[in-house]
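Both complexes shown next keep subunit A, but they swap its partner, so subunit B is in the first and subunit C is in the second.
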Partner chain A sequence: MDTIVRIRHRLADASELVVLISFLLVFLFFSIRAENFLSLVSLTNILTIASIKGIFVVGVAMLMISGEFDLSVGSILAVATFVFALSLEAGTAPLAALVLALAVSAVLGGINGLIVIRTGIPSFIATLGTMLAFRGIARAIGGADFARFTGEMPALFTGLNGEFTFINRLAVPAGSARMAIIWFLLFAVLAAVVMRNTRFGSWVYATGGSRAAAIAQGVKTKNVIAVNYIVTGLLAGFAGIVQFASRPAVDPLRGEGWELTAVAACVIGGIWLSGGYGTIVGAAVGMLLLQMVEQGLILLGVDVQLFQATIGLILILAVISNTYLSRQ
Partner chain B sequence: MAEGNSQPVVVEMRQIERRFGSVVALRGVDFTVRKGEVRALMGDNGAGKSTLIKVLTGVHTPTRGRIVFDGQQVVINSPADARALGIETVYQDLALVPLMSIWRNFFLGRELHKQVGPVRWLRKKEMSEQCRKSLHDIGIEIRSAEDKVGTLSGGERQSIAIGRAIHFGAKLLILDEPTSALSVAETQKVLTYIENAKDKGLPVIFITHNVNHIYQVSDSYTIIRQGEKVGTYQKGDLSQQDIADLITGAREK
Partner chain C sequence: MQQRLYLITTLLLVTVLALAACAPGGDSGQQEMAQSEEGEGAAAAEAGDADGGLSFIAVQHAECAWDSFWCTVQNGINSAADDLGVDVTILAPDEFDLDKTASLIEQAVAANPDGIMLTVTDPILFKEPIMKAIDAGIPVIAYNAGSGPIADNIPYYTYLGQDEYQGGYLGGLRLAAGGGTQGVCINQQVGHTGLDKRCAGFSDALAESGIPTEVLAIGDDPAEATTIIGDYYTANPDTDVFLTLGPNGANPFYVFVENEGLTADDITHGTFDLSEEIKANIVSGMTMFGIDQQPFLQGYGGVSTLSMIARYGILPALPVSATGPGFVDAASLASEPDPDAPVSVIAVQHAECAWDSFWCVVQNGINTASEMMGVDVTILAPDEFDLDKTASLIEQAVAANPDGIMLTVTDPILFKEPIMKAIDAGIPVIAYNAGSGPIADNIPYYTYLGQDEYQGGYLGGLRLAAGGGTQGVCINQQVGHTGLDKRCAGFVDALGESGIPAEVLAIGDDPAEAATIIGDYFTANPDTDIFLTLGPNGANPFYVFVENEGLMADDFTHGTFDLSQEINANIESGLTMFGIDQQPFLQGFGGIQALNLLVRHGIVPALPVTPTGPGFVDQGNLSVVQELAGEYR
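Showing the complex of A and B:
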């Protein structure tokens, strides 16, 4: 009897169910239909690229669960990458450049948080504004041009996004597995544990689930939101730096559109737009699913234009099935 | 208007006046509640009963007047102040987070945790068990503390909020229209919980305009009209019709 009850709770709580099933079905589909999909180069490519975006998806997911959006992650990523690139090129020690870029990311995230908390305007609008503003900063500090790092690759780059040569050489053509995968895994697991097992996690769910009730029970919802914005800013900046560490050049449009990819990954992963429901694991699988679809469609030779339409279709189907399931 | 109860006074509000600009919401209201008493606070919409309670729960500060709680004169500037004193309010809707489990709601804002460096690690099992036991002790049976609050009925939700207030050592329980959105059967249940609370010696202020409900569980009634106290009456002093007349002003004291 007790086990039946427990199984029922497990199922009712499994907001990731839809995305996990979709992931398996899509994986199966491409495995059968797309030539070379099950190759080392294809699979590691999916993992590495999804992981770079996945790093900030973790932050966006926590924010969305607390009932807020962050559309500025792509812009923060660009600013952080430019700060990192330009300070390296100016001769700053790699570690100092990393700290500086992360500090800037945290400040930008903090600005988002401050605007949302203090003005009370919807975060969708607030971060739409900062998305444009931060993009302007990225353009300005980069002189609207590329920034490259031309010196010898510092050892730090290996730690940030080095290749796993022992995996990549397992087949021909070689794979592209990189450290980004480890970072993504680390942040996703860390966030998932925090959300489930700590007071902060409970407060994030309460903040998004019913803000008035949370406040009435003494939850410091403003602190929760501020922390989430700062963490998201940090993760966005870190993702940019990790990406730069594998290919040390950055253009002013870096990260553009990724804010919506992040929202899509979260929603496909079962997080509600209204907040209070969903998991980090769901969002992480959502990101992997999106990247897998992109890779799979490329391998099928599908037009790039159709790729976006497909993502849109998946998004809508995911929302419909999630809404249907949550009514049960 | 005799206070027939010889129990110690828990809260005494004296000459409470509250203005909003030029509007006078409360004109010098006296209000006293004793231990183990269920007091109904009644009045029509806009009579000032909500304002009086909001003064007591720190949502509004009084323009004039003083509050003595547990023998001490107190200043209540925020809901947190009220809560620190042991004044627990159960609101109609905004008490619980529907998407969260019963135990998470029960302990929300007061989670049991283990401090590991900067991390507050939840003692989940302990909270789940305590929640279940504590609700059981006041006669509330739940299937599982892991159930989401959103799956419960309105009456069950009220009961969880009441149970929570009792568990955390409330010295005064305020119920704001607890039965207004409930079915008859559900209302009966909630009224039982109120009696259980009373049996534990916990004073309850029960805000309502449903004369039927207060007639069943209240020991005394305070009626407010147009910002002034009409009077406080003991159970049996008035018929239901008398109460209704006093609320609407069809009859003077």
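Showing the complex of A and C:
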């Protein structure tokens, strides 16, 4: 009995273990059952497609660890992409358009933060409101139509989401590895280091774990939350821009529903809904797991409708496992 | 305790395994099959035909027993009969005998089949027996020999055969793709309409690349022909793009090439038809391609077209349904047809039945065809309109390495890269419902199945002008929209053929304003008596205008694109002559059929655009269409 409890406690200390084990099991399953799963195109598809969402999952994960939600990431992403696309089409220099779009994303994130810390409205409700409001902004500035970039692709696009042709050409069908993977990796590692090794990281955990205790210890929880919202807004905007750099068109519904995918990735990754517990690595692996399931099911010839059912099931199982392991 | 831990950590694996059990071609596939069987039965009952009990008669002027060419055609007929679950009886004379063939048609009519397919070898001789069938209400289509209902002056539905102009044109595009200085079309029978059309298409294609061309007349004597070609080449040593129109041109051409010591690096050569000699030269690289009229498809397509008419009231879009040009190159010569090969197809579309009912009809077409032909199909679509997600789905479909992918080219720029990934990996790709064809989209997929907008306007114009008229107007709610502009262009051209002047009237999307604009136009042009509207947004204000002016059905003729409750009611009352349907069922069904023929039989779609519409809905077939609405129409 003692051994079991000890193992459980050790597992509980590493909250990403459940998602890592799940990831490996699902990976193993598809490797055996799904023809072509272990092909360059399949694996790079998973990485590249997951990375776009992965970029803002990093922000959502930090927010959730600090005990808050952001349901508006999909809408911020849409606004930022429209700002980027429309200013490019208007002749703005690519770098200036990028800065402008990121500034708008930061402001929208800041608005989320302000509402949450000033009014005390639960962030779930507050960002539900801004999700609708920002979506309206995206539709308005886009004139309810697509925005495209039709000119010569600027060099900036290659940096944002260029193809790794030297990898992709290694096999037939060609792979689809893109810069997005690097950005995702960069932000995930950066955030993981911050959360683990810096004072700010400890503040985030403290803010989400027990806010009263954190305040008592002198943690400026409101600042922590505000910073996290701004970071999340920035990452959401950046994800939209990265996506636009590979397929330069954006529609007014872009990003709708992604906020829930992000929450699902975080929860599967072992982050508690109540905050204070979980890791960035867990959330990142959670996102990869979700995308792997989609590609795997397509390879198995399963209609895409079943994808959502599978995700739902995995989500519930992950929560059950995490809850069980963390019972001390 | 140990057990519980074990339980939890392995729960995920178990779940996924359980999911997989119902994954590939398992329960979900069977469910689909059951559904479509049910649907088919219901529709057939409504259309008045017993389920699977269709019987057709094919009357042709020759047969496999004494002309091996026809073995391929008959093979196509039997293969389609097998796939589609219909009975086909093939009738042919014992030797070439047109009179006997004509009387076989008459005897076929006596059997009162659900459809007749026949060779219009002699339109004058065959007109009377064919009219007998048409008058008896038996659907008739032509295959292999004929020129289409308009040119033959017999109102059968369509003619399945080679499009000669397009053969020359598309061949010319291929030959000129690598550049060139001077082209020549070597014609062994100048004055023969079909051969002249081939040369005309070739010249037009090369002209697009700025390469001048000439037609060189040779005779049927091989030795003389070789000399003529040689003399021409001496006089025009810059000539480097050659098209021959069959073995009678290709064989002397090969002798000429040998005489001159030319190699494949010096010139490009393509030819119509295939022969052992031509095939050998394709393999050696001397000849880029041979153009096949694809007789298998003439047989297969004939049966399939009749089934569409008899089962679902889906009519062939154009007077001529092209079975060729089918380009045969070194790669296609190397592949053997395998009629029993398993075929798996992934369909990626930008919308789906679950949230857009238009797509239920398309998907029903996909599922019906896949069940009939034994093709395994997976349909992928985003949960809401999301082009980026659709593009990702294409990429993920490529990873599955299916035998074919059919997809909507909703945005040719956004989708180009993922589609190219499939094409580069050797996966055949065809487009359906959304797209403009490989040339216009600048993506080398095989073909696009959708409405031919120009032909819709043109054929609609012919119908509207058939009874005469003074002045026509095309009411366009979105001038500048390529598809809508093409409809008006076709309409104006058709009326022009009858000497009726026609104009385009721009209206907006505001119904009240549009009715006023139409009214003002009519006041200024009171002679206007032929109206074409391009959809409900034009038809609805038109109906308001008609009521305002107190016009009657006798005062004008009106046709429109699309169908709606209001349009249907006006077709019924006789105010509107027809509504033009793009026939979405055929887009789904035809997509699977094209990939099935491509993978199993090596049949290549003939044209960049395979039209599924215009499908005309008038008083004659409105009730059938309404009964099948939502499922097949």
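Note that the second predicted complex is superposed on the first by the 315 of 328 C-alpha atoms of A that agree within 3 Å, B and C clash if a C-alpha of one lies under 4 Å from a C-alpha of the other, contacts with A are read in each partner's own complex, and residues count from 1 in each chain.
Here is the rule we use: contacts are C-beta pairs under 8 Å (C-beta built on N, C-alpha and C of every residue); 3 or more make two chains touch, one makes a residue touch a chain.
The shown structure was predicted, so the numbers you read here are calculated from the model rather than taken from an experiment.
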First, second, both or neither for A:D303, with subunit B first and subunit C second: second
Which superposed partner A:Y205 touches (first subunit B, second subunit C, both, neither): first
Subunit B versus subunit C as contact partner of A:Y277, first or second or both or neither: first
Touching partner for A:A90 - first (subunit B), second (subunit C), both, neither: neither
Larger contact residue set on subunit A - subunit B or subunit C: C
Touching partner for A:A214 - first (subunit B), second (subunit C), both, neither: first
Overlap of the subunit B and subunit C footprints on subunit A, listed as residue numbers: none
Footprint of subunit A on subunit B - complex, ascending: 79-80, 83, 89, 91, 94-100, 104, 108-111, 113, 119-122, 124, 143-144, 146-148
Residue ranges of subunit C in contact with subunit A within the complex: 1-2, 4-5, 8-9, 11-13, 15-17, 19-20, 23-25, 28, 344, 346, 354, 376, 378-381, 383-388, 391-393, 395-401, 411, 413-414, 417, 421-422, 424-427
Subunit A - residues contacting subunit B, complex: 5, 9, 12, 194, 197-202, 205-206, 209-210, 212-214, 216-219, 276-277
For the subunit A and subunit C complex, residues of the former touching the latter: 1, 4, 7-8, 18, 21-22, 25-26, 29, 33, 35-36, 39, 41-42, 45, 49, 148, 150, 172-174, 176, 243, 246-249, 251, 253-254, 256-257, 294-295, 297-306, 308, 310, 313-314, 317-318, 320-321, 324-325
